[in-house]
Amino acid sequence: MKTLTIILTDGPYISEYAQIAKKIAEAALKRYQVNIFLYLDAVHIPRKGQKPAFFADEGGLFADLAREGAVIRACSRCAAARGYLAEEDGSSQDYPDGIKITSLYDLPVMIQGSDGVITLCR
Amino acid sequence: MRSVFYLLDTAPYGSEKAFGLLNAAAVSLGKMEVTVGLYGDGAYLALGDQDSRALAIPNLADILRAYGEMKVIVHEPSVVERGLFSEGLVETVELVDEEAFLEAMEGSDCLITL
Amino acid sequence: MMMMMDVFLLTKPPQSERSDLCLKLLARSEKSRLYLAGDGIYHLLSQAGEIPSSCEILASKEDAAARGVVPRRRAEVREDFYERVVEDVMEGDGRFFTF
Amino acid sequence: MRSVFYLLDTAPYGSEKAFGLLNAAAVSLGKMEVTVGLYGDGAYLALGDQDSRALAIPNLADILRAYGEMKVIVHEPSVVERGLFSEGLVETVELVDEEAFLEAMEGSDCLITL
Amino acid sequence: MKTLTIILTDGPYISEYAQIAKKIAEAALKRYQVNIFLYLDAVHIPRKGQKPAFFADEGGLFADLAREGAVIRACSRCAAARGYLAEEDGSSQDYPDGIKITSLYDLPVMIQGSDGVITLCR
Amino acid sequence: MMMMMDVFLLTKPPQSERSDLCLKLLARSEKSRLYLAGDGIYHLLSQAGEIPSSCEILASKEDAAARGVVPRRRAEVREDFYERVVEDVMEGDGRFFTF
């Protein structure tokens, strides 16, 4: 199966890229493996407990993507800086099941194994 | 993907993007062919005499120097527009004209812009 | 011989430097398709000729509607925009660039 | 501070800034003299026919209309450069030339840009 | 006593504005009342438990400012959207003591009562 | 009669639209002081005359050092930069703008 990797750097709400990524990933999951690498501010996206008054819960959208099979990984340096701590297996109390905090070294591995790479950022 | 072009078009220090891009490029070395392209305000990263000790954050010019094997090209028109042409630039960085810069982008399997 | 098709996904508005760079690469491509989403939609407003006439332009329907943009240049405004992007990124034979 | 100028120079929908700026301006009404200035890509906010239902986010043109008493000026050169001059703009918005726009900025006690 | 209000919209680390705000606030606190309003992504700044590897802990810097007397308030809409929930008194488990989640209506009150207003954002 | 002094704090690099707008307002001011911090530091590199010669320029020392910028135009590079900004914002008699 071919693989698509999406790289994000913005947090939720502040830009529309989490939403666009969600649409691209949904379309891709029908036929392809999807990786999403959360870099810089994007490590905020999967946080549990988001209660936006006027927008869709972007954390929930990414929890859905993980359930549907997307491999979602957050950069450990960026996550730790922003207060998201990983357990030994990369899971985090702050993140939904399946979304893990991982090393930046996973990024080139994802890219290498991909047939398409899309970076979305301001 | 066998080659990746990391495009930096924002100034260093003002945002985390330059630092993040250099880290991503550094961990890609040896796995893929890596080119870092400095364009627009990204050209400021090439200034040679950076000293970030008083800000207590990493010196980005030193990161460029530490990865001397990393291919870093700078878009010459961006350098000229910003008055950087007569400034001392980091030695490991290669000035290229617009044609060569765009060709390097086209010649890589994928483009990553942070 | 078939020419390879280069694919561009643009989410930045016209006056931005990233749009300029995208359009520079587009101008050098022999065969291209341009996908406009997000603030890239605003490229539909101008009739200016920066985009080669041979380039196919597709735009995200919901993004165009939100912004109140009616295309002033030829473009397909599509509901299945993201399916099409993915198909082109994954199955295309040319290069792919996101800006 | 008795008057405040809220400057928007980013496009709506692509970022939360337009929404955030309109909310901040709205809660300032009645407490201070409020001017919202649309400049650069902020001029896109004035497009009249916005319909954001499919994105399931608030319609920003409708927010402008809902606060009809809010003084909203648009920098005319920005409008012209973006091909917006012949498009239908929100009725409550006033097109002003550069001189008037800068004067409005200078005439307010404080400037807030998000 | 004169009052300075600083408005921020960026999260920590991604831009240098939290650092610049800290320096301005430190300088101002010697003589003036200082208000800081955290809007949009800036509601991430005071989060407890940040562990940046290469930078100063920006949450800690703002905890210091609050201890030194700065009035620091975060927009409740932006905070809730990003997963920061307020107790009835505006305090939050995620924030250090003294930094509160409050209504956007506090922003014009802060501005009105100020002799200087500085907005720092990308 | 003393002229009032307008104060500008600029943290954006030269090619940005916010810098342009800042410099437009600066050009209209009769008496001005420009504080350069963050990426505003890069304005020190160019000798171009967009800044009126009557305008005093102050720059943050640590921000200039980090960026490796040696001023190519007259400017005071100061360690007590932020104290000075605050003093001018709070005690100044003219207008204040941040970009």
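Each chain gets a letter, A, B, C, D, E and F, in the order it is written, and its residues are counted from 1.
Convention: a residue touches a chain if its C-beta (ideal position, glycine included) is under 8 Å from a C-beta of that chain, and two chains touch if they have at least 3 such contacts.
What you are looking at is a predicted structure, and each value in this text was computed from that prediction instead of being measured.
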Which other chains touch subunit C while also touching subunit F?
B, D
Interface numbering overlap (same over half, different under half) for subunit A and subunit E:
same
Taking the mean of the CA coordinates per chain, how far is subunit A from subunit E in Å?
27
What whole-Å value do you get for the distance between subunit E and subunit F if each is reduced to the mean of its CA atoms?
25
Out of subunit D, which residues touch more than one other chain, so two or more?
13-14, 16-17, 40, 55, 57, 110-111, 113
Subunit E, residues touching no fewer than two other chains
13-14, 16, 40, 54-55, 77-78, 119
Counting only residues that touch at least 2 other chains, which ones in subunit C make the list?
11, 15, 17, 38, 96, 98
Those chain pairs that satisfy the touch definition
A-B, A-C, A-D, A-E, B-C, B-E, B-F, C-D, D-E, D-F, E-F
The residues of subunit B that touch subunit F in their complex are 11-14, 40-41, 44, 47-55, 57, 59, 61, 81-84, 87
In the complex, the residues of subunit E that touch subunit A are 11-14, 40-41, 44, 47-55, 59, 77-78, 80-83, 85
For the complex, which residues does subunit C have touching subunit A?
9, 11, 37-38, 82-83, 85-86, 89-90, 96, 98
Subunit B partner, complex, touching residues on subunit F are 11, 13-16, 38-39, 42, 45-48, 61-63, 65-70, 72
For subunit B, which residues are in contact with subunit C within the complex?
9, 39-40, 98, 102, 105-106, 110-111, 113
